[in-house]
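Consider the two complexes below, in which chain A is the common component and chain B and chain C are the respective partners.
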Partner chain A sequence: MSTTTNTSRLGSLLMTPVHLLMRIVDVPLRSLQKATGISGMAAFFLAPNMLIFGIFVLLPLVINFVYSMTGGTAFFLAERNFVGAEQYSRLFTCGSYLDPMSCQEDAFWTAVGNTFWFVILQVTLMILVALVTALILNRDLAARSFWRAVFFFPVLLSPVVVGLIWKWILQRQGLLNFGLYQFGVEPYTWLTDRNWTFVATIGVSLWAHMGFYALILLAGLQAIPKDLYEAAEMDGTKPARVFWRITLPLLMPNLLVVVVLALIRAVQIFDEVYVLTGGGPGTSTLYLTQYIYETGFASALRNPGLAAAASILMGLVLVVLTLIQLGIGQRGEKKGKR
Partner chain B sequence: MGEIKLTDIKKSFGSVHVLKDIDLHIKDGEFIVFVGPSGCGKSTLLRTIAGLEKVTGGEIEIDGKRVNEVTAADRGLAMVFQSYALYPHMSVRQNLAFGLENSNMPKAEVAERITEAARMLEIEPYLERRPGQLSGGQRQRVAIGRAIVRRPTAFLLDEPLSNLDAELRVSTRAELAALHARIGSTMIYVTHDQVEAMTLAHRIVVMRAGKIEQVGTPLELYNTPANRFVAGFIGAPHMNFLSAEVVEQEAGKATLLIGGSHRLLVPIAGHELSVGDKLTVGIRPQHITLANDPGSLTVKVRLVEALGSETVIHADLNGEKLLAVVPGQRQISPGDDAHFSVAGAPLHLFDGNGLRIKDK
Partner chain C sequence: MKMKSILAGATLALLMSTAAHAGDVRIMWYSDGVEGEVMKDLVGRFMKENPGINIILDNVSYGVVREQLPVQLEAGNGPDIARVAQIKDNARHWLDLRPLVKDPKYWDDNFGAQADWMRPDGSKQISGFMTQITLTGGFANKTLFDQAGVEIPGPKATWEEWAAAAKKVKESQQVPFAMAIDRSGHRITAPLLSYGANYIGKDGKPAPLDKGAKDFLTKFVGWNQDGSFSKDVWVSAAGNTYRAAAEDFINGQLPFYYSGSWQVANLATKIGTNFDWVATGSPCGPVTCTGMPGGAALVAIKYTKNPKEVAQFMDWFAREEIVKEFSERTLFLPGHKAVVDKGGLDFKTDNALAKAALTKFVDASKTTSETALKLPAWRWSDTFYAAIVTRVGQTIAGELKIDDTFARIDADIAQKVKDAGQ
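Coming up: the complex of A and B.
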């Protein structure tokens, strides 16, 4: 009893400066509200955030769009000449759209193709692996918290570190070859074989991001009431039917979020791949973001306008994916309210 | 048939013993209610019968067959969960059908059973709705319907009314009683609400700390509680307990001193009491009357609750709390002195261990 009183006394003591501060702040805010009304107050409180968003997101977006309408190698906008939609038409100039090599910007279309296959395979595998991981982590296994942490740790690593770790493992004199050599297997050049590098980029990005998606799915699984499973048990429901008829439908909102997030992030794949393979060998792991980066900044004949145009196109794809995600989110909310 | 026999049931979670030596014989068609405070093990006992928890020791028999190793699904029981546990993504019809489809029942029979249960529970208009579109009372019916369609040997109900508002609880309680009368199956019902227990049960099992304190009909428990715990748990408001001392004893009778000064003559035929014994006297609040007689208990009124049809008086007798429920409306205020009479009231005597001293 006395502990409670002491705690509450301490609480009120700590709150005194807060109350005082609020009373001081209250005066100008009240007069402001009188002048602008409630909706004006909302704008006032949103203003700082909007300012940051405007300067660091909206303005660069607009500038980027302007860049995409200009030509030349100069970096400052004032030194660049207006070329209209020329950069876009350059990107779309192709002999046949089915053959990247027939395009004027063949590297762009190679990157688009690589990114497309990467997204399809990586997202599919990501969903499957994350789902299976979440299902396993949701069971009563020994040291469950430990395993949850183990699968989540890679998410905390910076992508560059992820790339370096795997380079260290996969390179010719790396850990993998060293391990295989102990079993008498000849070392192999994993990072210079076109097929293996593509597989490696998928595998590494799976390893790096899977924990995040598994965590979302795990949260979804834990939100499914235990009672439902007990009711199914009383009804003599077989495990496979429990999964397809109860677990999966109830996990669907989380699963959709994961699909869309994974899609968006897969389209943007860059850092870990750039460190791991540099897009090579050749252009076998050249993905869209790397193409944009190299076109705009890294190549000898840099073309910021072309890079800007390509990034605008990529941005459009991401906007569509984001709208789908928002749509799903709103549908989920409506369902929840019903 | 739906006869369930529990012999020496034990259940532990690690070092915590939740159920201790439970023996109980539930007859076919009986409506039995497990009642007790939170954490007494009543829900766990129900879940061990259901097969959702494995017993640590003892034997469960259903219709004469040992079912300890039989899965929940094969015990032929149906459970109604406190949360209803309806599948939120399925319509009411799909919810009712789900369990039946597991056993590959012909579609026509599934449809027939759903129609029958829906008619019985008056949920026909909602069959195509999802649980989220139903009120609490409707969901509760669907949960019962899901149990009914399976035609189980016994129904297990885990606090099925606790999520309903007070008014709906009363009406649903009556419907449950009617439903039991109609289908006649064994029903095992868990609640912490002693009013539900009193109104629904053929027999009540009062539990405390993993043990059965008493089994009996509602009136047996009310009139002859086996111990202080049951006496305090059954009946609302709770029974008054006053400490007493035997001051005189003669053939078949004893004089007790209560409240420090008041003498009470009680029959104790067939029981050994001696002068100086400390006892507890239990008196139900409804059995106390207001008197003008100065020979009765003089108490200090602390609080008066006027309910219109009756008046609840909280009083203090030399530091011991005493509650009286008297009929009608009374002109009495906190701070007043009042005279409580227990003449003619059934008195319950409990010994130092809280066990009833039987009045033969």
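Coming up: the complex of A and C.
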């Protein structure tokens, strides 16, 4: 009894400065509430966050849009001339959008095409490999935690490190050629072959990010009630039917999140590919983000306005993908409420 | 490595955005060989002699100077001093040291020959000085040639003769490629000029590619496609990203490597006694046998908060005895008239191959063509270089046909001129 009393006294002693502080804060807040009402208070508490969001997200977005309407090579807006939609028009001046070389900005359309095929192939493979990995890791394997760590480890690596590791493996005098040479296979220049390099960027990206998506799917698999599987087993249901009728439908919310996240990430691909191939050979692994970077900053032929216009277009694609993700999230919430 | 460069550049930009303290002078420096160590030593000596000035030497990769510095400069930022190779293109960002240095006449007398390379057209400003004068040229792996029993082509040998000889060595010695040239517009301009190319139009603006340029580029693409030239170098990136082929030569994988005099210290240090190599000068074309002059300049940046301290350091580093010492220790050809005229440079190396190579480059500089001498001071050189590298890289990778390449190069250059409001 005395112990409880002592603890209670100690608690109120410790809380005294907190209460004091709250009383001090309370005075101006009450006056503010009187002046603005309850809804005004919500705006007041949101204001710091909105200010930061405004300065670091909205303002750059607006500036970027203004840049896309200007021409010249200078970086200061004051030194740039207004050209209206000329940069957009330059991006869209094309004989045929399916033939980048018929376009005025052929590198942009090459990058769009490369990014499109990269997204389609990488996301499809990513989902399949992550799903298979999650299914395997969900079984009663020996050293299961070890295997989970092994598959997740590449996610912890910096994209630059990922790019460098694979460059050392794939370059002409790299580890892969050394290994093949031991079996009498002639060295091959993997990073200067257009087709192999494209495949390599997909493979490296899979290796680097698959663990993250597998982890999301694994969490989904573990949330599926075990009794469903036990009931199916008692009914003698075949494993394939269990997968299609129980696992996949119940995993669908996680799978949709993974698809959207993987899509967004794939559209933004840049760092590990930039280190691995530099966008080459030629422009075979030039993706949209690298095009924007090169056009805006790295090339002696740089044009910040054109880069801004391309980034606005890329931003629109990402907005669409994000809206899809939000839609999926809201649909999931509604289903949960029912 | 490129990503590392980007991160290093971003870090530097962040560091440099902080307020400069009075007396602080920040230098952005890159190294091809041992000059970073020499510079560190010289900076230490300067600070001992001038205790009120704190020099901060940022050693960065060449990629940072090439890609990150121009962006910083356009934004009105940057270091106080920088060692740069894109000298003319950014001339509007250099500080005029004329009213700040002790004796402008000393600067005009000794660095006047290259002063136009680093100042806006029509200006008389003193922007800095060349830490080294370079000349493009070739290097042959003498050991590979000897082992193959192929004679190294003579001083008047053409590009075709070099290609034929190097190909024989490649086949005999089972090395991956016969020749390589750095992925650089500056480097490939030397053979283009030897084939009669002229970039500068009558109005001083870029001219369309002429027959000389087209002839060599057609041959060069062919040599890459038949495996004579190292395809790895030119297709290894998109855009106009710089790639050197020095590592392949150092590893004994290349009979002939076309780069330039700044590689001498690098080759001497890294090859050591592994094999014998020689500088060959520039192979000839139908018109001439020229290399491309160039170099790295130490320039003051006009956005500095400490112009007096900057000028004090530049005055100190431009002194005849310091330039001489820097050149002797780095194995660089000096850009200081008095040092050149007096001669007697005692290059600090016991590597006979390096000394012979330096002598060869000095000799080769005597045949540099008039057009080649004009290009470093021409505003549109970098634009030309970037367009050539970008499009030729695509062509070698099989994305463009050679005629489309020429059309695209001309269009890219014309667009850049238009974008610049010219």
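Note that in this section the second predicted complex is superposed on the first by the 300 of 338 C-alpha atoms of A that agree within 3 Å, B and C clash if a C-alpha of one lies under 4 Å from a C-alpha of the other, contacts with A are read in each partner's own complex, and residues count from 1 in each chain.
What we mean here is this: contacts are C-beta pairs under 8 Å (C-beta built on N, C-alpha and C of every residue); 3 or more make two chains touch, one makes a residue touch a chain.
What you see is a predicted model; the values in this text were computed from it and never measured.
Per the definitions stated earlier, placing chain B and chain C onto a shared chain A by superposition produces no clash, and the two fit side by side. With both structures placed on the common chain, the touch criterion links A:9 to neither chain B nor chain C. Rounded to the nearest 10, the angle at the Cα centre of chain A between the centres of chain B and chain C is 150 degrees. Of the two partner chains, chain C is the only one that A:303 touches; chain B does not reach it. Once the two complexes are laid over each other on the shared chain, residue contacts for A:249 go to chain B alone; chain C is not touched. In the superposition on chain A, A:160 makes contact with chain C only, not with chain B. After overlaying the two complexes on the shared chain, residue contacts for A:144 are found with neither chain B nor chain C.
Within the superposed three-chain model, A:225 lies in touch with chain B and out of touch with chain C [touch as defined at top]. By the touch criterion defined above, A:283 lies against chain C but remains apart from chain B after alignment on the C-alpha atoms of chain A.
Using the contact criterion defined above for the overlaid structures, shared-chain residue A:74 touches chain C, although it does not reach chain B. Counting the residues of chain A touched by each of chain B and chain C gives the higher count for C. Per the superposed model, the minimal spacing between any CA atom of chain B and any CA atom of chain C is 47 Å.
Put simply, chain A uses no single residue to touch chain B in one complex and chain C in the other. Interface residues of chain C, counted against chain A in their complex, comprise 1-4, 7, 67-68, 71, 74-76, 86, 89, 176, 231-232, 235-241, 251, 382-383, 385-387, 390, 393-394, 396-400, 404, 408, 412, 415-416, 419-421. Touching chain A in their complex are the following residues of chain B: 50-52, 71-74, 77-79, 81-85, 87-89, 98-99, 102-103, 130, 132-133, 146, 150. Residues 71-76, 81, 101, 106-107, 159-160, 163-164, 172-173, 187, 189, 191-192, 194, 271, 274-275, 277-286, 290, 294, 297-301, 303 of chain A are the ones that touch chain C when the two sit in their complex.
The touching residues of chain A, counted against chain B in their complex, run 225, 227-228, 230-238, 241, 245-246, 249-250, 335, 338.
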